[in-house]
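These are the structures in question, set out in turn.
Below, subunit A partners subunit B and then partners subunit C, in two separate complexes.
Now for the complex of A and B:
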């Protein structure tokens, strides 16, 4: 399995057919022929795109019997990035709530503005 | 999950800052962090959060714990220790978080409050180390995918 590599991932995603394949896989695993179905291209072409996606670490494939099953693979690095974004968003939300709380309690606890 | 790449050891170090201006004195803003009842009014868990454990000890070396189950079923715990408290001006604490008991991150948070006009300006800065990135399994994977798609969207907008 490839190590997380953002450059390779973005390169892999720069192609609309490969993006369509990733979008399909974000809904769940699929076989190569299922991936090829909505795309106007030959099976070997799909396999070639799949190889690029696999090398980038975005997609993992596994041969089950005669069928090659493909699944999406969001690497740990991306998940950590998402985690950081979530923390930031959470604080933005919280500090907005703090503002609402401060507005709502404006009457008490402000001795310096009392006459 | 037997996914090899997901069990890779990784650390991501990151920092972020959030700033807000409030129509309230520094004393009132500070109190919203320093008083347990006041903080509970705005520092709640997300909707559907079921609290399992809470500890409150607002003083240097005091330990704060907030743990519980999220609507998604994920159990998170926050374990924090206050490092510096300057009334009405500054609060510094370090904390770690776990997802379903697995260490997820260690962070240092600095909250600075200064008077601004009739109100206050608050700056919150976090430095964090984020471990492995797989602790909440499927949900994180889905988020990671969404993140990737958003990044992609942003990169294509140029």
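Now for the complex of A and C:
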């Protein structure tokens, strides 16, 4: 399995069929045919999507006998989630600081308006 | 600004230059030239990336006089983050249930091994 790579992870999640596969795998490992079942596409198309997910590090596959078992690789999901979270919380922190500043400015102004 | 769309949001985040722009905007609004400054690319290329970010709903832009001001649209960031989080926590829940099951099976077996 490749090392997690943000470009490839977000690219992998940018497709609704691949997100449906991730959603299915979040409920437990599945074979390629089980993954294909609810999707309206050929098995080779499913395999191609699976390869994108595997290359991104979000999904791991393992061949057991003649069946390829697919499972979610949660640490990679964590990395993608954390990247968005870090940006969003930085933005929130900045907004809170701005709020504090505006409150302080307001407090400074209030006595003057009461004079 | 377009309504948030997971395909477009993840697609937008799949590029390192666009992630650098989101990272810059998480520290506060910026003009297009300010966004372009640290990036080794032409202004038209920056504008093109900005259009992808804007179409995805992750970034909002507003023309004030002759300057286009760009800012992060945190609710869209939330939606992308939440999608990954929901899948990851579902996977974790399943793993915890499996752990509980294995613990219970182990407890059932232990008296037998002590016989």
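The rule we apply is simple: the second predicted complex is superposed on the first by the 76 of 115 C-alpha atoms of A that agree within 3 Å, B and C clash if a C-alpha of one lies under 4 Å from a C-alpha of the other, contacts with A are read in each partner's own complex, and residues count from 1 in each chain.
In this text, a residue touches a chain if its C-beta (ideal position, glycine included) is under 8 Å from a C-beta of that chain, and two chains touch if they have at least 3 such contacts.
What you see is a predicted model, and the numbers here were worked out from it, not measured in a lab.
Judged by the touch definition given at the top, the superposed model places A:49 against neither subunit B nor subunit C. Comparing subunit C and subunit B on the residues of subunit A they touch gives the larger count to B.
By the document's definition of touching, of the two partners only subunit B reaches A:106; subunit C does not. Of the two partner chains placed around the shared chain by superposition, subunit B and subunit C are both touched by A:88. Look at A:60: by the touch rule set out above, it reaches subunit B but stays clear of subunit C. Shared-chain residue A:28: touches subunit C; no touch with subunit B.
In the superposed model, A:10 makes contact with both subunit B and subunit C. Look at A:19: by the touch rule set out above, it reaches both subunit B and subunit C. Shared interface residues of subunit A (contacting subunit B in one complex, subunit C in the other): 10, 13, 19, 23, 26, 72, 74, 77-78, 80-81, 83-88, 90-92, 94.
Residues 6-11, 13-16, 19, 22-23, 25-28, 72, 74, 77-78, 80-81, 83-88, 90-92, 94 of subunit C touch subunit A in their complex. Contact residues on subunit A toward subunit B in their complex (touch as defined above): 1-4, 9-10, 13, 19, 23, 26, 57-58, 60, 72-88, 90-92, 94-103, 105-106, 109-110, 112-113. Residues of subunit B that touch subunit A in their complex: 3-6, 8, 10, 12, 14, 16, 18, 20, 22-25, 27-29, 31-32, 38, 41-44, 46, 104-105, 107, 122, 124, 126, 128, 130-134, 140-149, 151-152, 155.
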